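Each chain gets a letter, A, B, C, D, E and F, in the order it is written, and its residues are counted from 1.
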Amino acid sequence: MFSVTVRDHIMIAHSFRGEVFGPAQKLHGATFVVDATFRRTELDDDGIVVDIGRATDELKAVLADLTYRNLDDEPAFAGQNTTTEVLCRTVADRLADRVHAGGLGAGARELAGITVTLHESHIAWASYERSL
Amino acid sequence: MFSVTVRDHIMIAHSFRGEVFGPAQKLHGATFVVDATFRRTELDDDGIVVDIGRATDELKAVLADLTYRNLDDEPAFAGQNTTTEVLCRTVADRLADRVHAGGLGAGARELAGITVTLHESHIAWASYERSL
Amino acid sequence: MFSVTVRDHIMIAHSFRGEVFGPAQKLHGATFVVDATFRRTELDDDGIVVDIGRATDELKAVLADLTYRNLDDEPAFAGQNTTTEVLCRTVADRLADRVHAGGLGAGARELAGITVTLHESHIAWASYERSL
Amino acid sequence: MFSVTVRDHIMIAHSFRGEVFGPAQKLHGATFVVDATFRRTELDDDGIVVDIGRATDELKAVLADLTYRNLDDEPAFAGQNTTTEVLCRTVADRLADRVHAGGLGAGARELAGITVTLHESHIAWASYERSL
Amino acid sequence: MFSVTVRDHIMIAHSFRGEVFGPAQKLHGATFVVDATFRRTELDDDGIVVDIGRATDELKAVLADLTYRNLDDEPAFAGQNTTTEVLCRTVADRLADRVHAGGLGAGARELAGITVTLHESHIAWASYERSL
Amino acid sequence: MFSVTVRDHIMIAHSFRGEVFGPAQKLHGATFVVDATFRRTELDDDGIVVDIGRATDELKAVLADLTYRNLDDEPAFAGQNTTTEVLCRTVADRLADRVHAGGLGAGARELAGITVTLHESHIAWASYERSL
């Protein structure tokens, strides 16, 4: 199995509902360093999983709809906590939609899966892995 | 599959028995930067795998029994080498015991597995992965 | 010259006033990984600049007044942008106050200066350096 | 499952054929930070997956045939792009050959698999995973 | 003293003349992760050293003239080795020219100096520091 | 001012005397990731501060006398705590001796100074800076 990973980041405000979150129930924020991994069983004729430049552009496009805002005000997240785990799934699912729409090229239809990791600090991160 | 990882560290002395270890047969030491990963198929109602604060506390509790000591003197390791790999398993198994005892909350009983990685330097690390 | 550095982090929401900030004029947030460096010309009798454990505790105490909140609502920052640079100075000045108040022990009065670095992402950080 | 990872690097020149590569079609270069991971179901009698020193030596030997050269001139890569993904496979396959030849000791025949990751920058990396 | 640092990278081919360079006399290559630090005694009215977005854009513009090429063919480097140290100075001097030309805004004329660090691997880097 | 930095590491056991050290008074250990920085006002005729390969070799030679041992048993440290700060000075002074003895070549006599940083974990490090 082959994979390619590209990294970018978002800077957001949000708050959580639920006693388990303690002080994070108050409005606070985070920089999430975002790693998007694309997996594929065999390489294409160019010798790649996906073009790293193109993968970087697609990730940037997905993150543009999340960064520099208060996620508590985003209709897409109404009624749910925008935890690191939930945001991993959101980014992975939106990347999957772009793959299916051809955003990473025709060859990307051979991709086996996507994993997205969000680093919320130097001591904590979360991941979501899905097939395509 | 979702996962959450938290990081902490220990600083220990130890020595190894066996010619394969060369100079590490002498008493020396290590800082192990410890990453504990908790895996789960679906998120709980709060949108999390485990609470990151609680996971951090449980990891700290497990590491408190290992750090700032000479592992050659610890009865728990009598007769075996405290290699990076062995310590990964020790930390993972002790975290699993705490999960089963309810230390990460009732929801943590849905956890699928734990992976523990110990970084012994900027150029070498080991991992142990187990189910729950 | 000797120095000791300890690392911790904060997670805050804020917004900026000024066209130069572009999309960061909207409410957003950041994880700041915070490095506090203590400088000293000569070591004390124990062979240290400051005790790393004590430095870690003092930094944590300073950061407790900043983390998990919306800095736009903090009276201490009324009328100014809480840029990465401004927050570096805030953390450094508050650490200096604690040094002067004896929080790092009598020996810490020999400290020559403090530098605070805040990493706002994997590709951007700021620092403020001051004497004591 | 246990694993051990060791890190080294190579510094090479190369160029790519194919429009998808854009400016990388011109002769350029890369530092690849190389992580080689060895996996094993159970530890050996010494409590290890492989000796970290020996794994480091074998990785260095494999990389010695790749570093400080223009990969466009290497017969081993004639007719194919030396993408990050292709180089991951090359390093993994050559390590596998060394394992089979006994380079990591008799015990290494119990290894289950190898994963090789090449980091081409702070924002992009690729991996190849194979069984043994 | 305040500073702001932004990070980007280049991927180049080159070779060195001089016995001291050993195998690096052959055509090889490097990824240089580039950190550009801007220093200033006092913050401007917005509370910044320079806008991080603008600094990132200026660094990217300087690096666009260096990346994805064989530096042995660049007239700007004729007759000199493009060592990590020389490239640090090149990037710093070109950034200084842009500051003087107003590329970072009128306020940037208050900058005290620039430091550029190029990381050539996980175990080696170089820096050049100059005043403005 | 130019500088070049190379990285290596040591793995040692030791204990501290003095109440300020708390649990670190017991025999424990550390991995120290060691960064040695060489500073110079102007580059030599080859365009370098020092050859990175040669600097790496000299650092390795200095660290060979420290790694894989219990520093409590080393006569060189009798009567003093081998704190991170003290070890920074030891490594810097021994590198300076080697520079003066010609170990980095005749050109290295133009070096202005050395800084040594020891990282004891992902959240704490110390430095010592001296002239040559």
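Everything that follows uses one rule, which is that contacts are C-beta pairs under 8 Å (C-beta built on N, C-alpha and C of every residue); 3 or more make two chains touch, one makes a residue touch a chain.
Here the structure is a predicted model, which means the values were calculated and not measured.
S.K.: According to the touch definition, list the chains common to the neighbour sets of chain C and chain D.
M.R.: Touching chain C and chain D alike, sorted by label: A, E.
S.K.: Go through B-D and B-F and name the pair with more C-beta contacts between its chains.
M.R.: B-F
S.K.: Using CA atom averages as chain centres, what separation in Å is found between chain B and chain C?
M.R.: 31
S.K.: Using CA atom averages as chain centres, what separation in Å is found between chain A and chain D?
M.R.: Chain centres of chain A and chain D, defined by C-alpha means, are spaced 27 Å apart.
S.K.: Residues of chain E that contact two or more other chains, please.
M.R.: Within chain E, residues 7, 120, 122-123 contact more than one other chain.
S.K.: Using the touch definition from the top, list the residues of chain D that touch chain A in their complex.
M.R.: Residue list for chain D touching chain A: 16, 18, 20-22, 80-86, 88-89, 120, 122-129.
S.K.: Flag every residue of chain D that touches chain B in the complex, lowest number first.
M.R.: 1-8, 43, 46-49, 51-54, 56, 105
S.K.: Mind pulling up the chain F residues that touch chain B in the complex?
M.R.: 7, 9, 11-14, 23-24, 26-33, 67-70, 120-123
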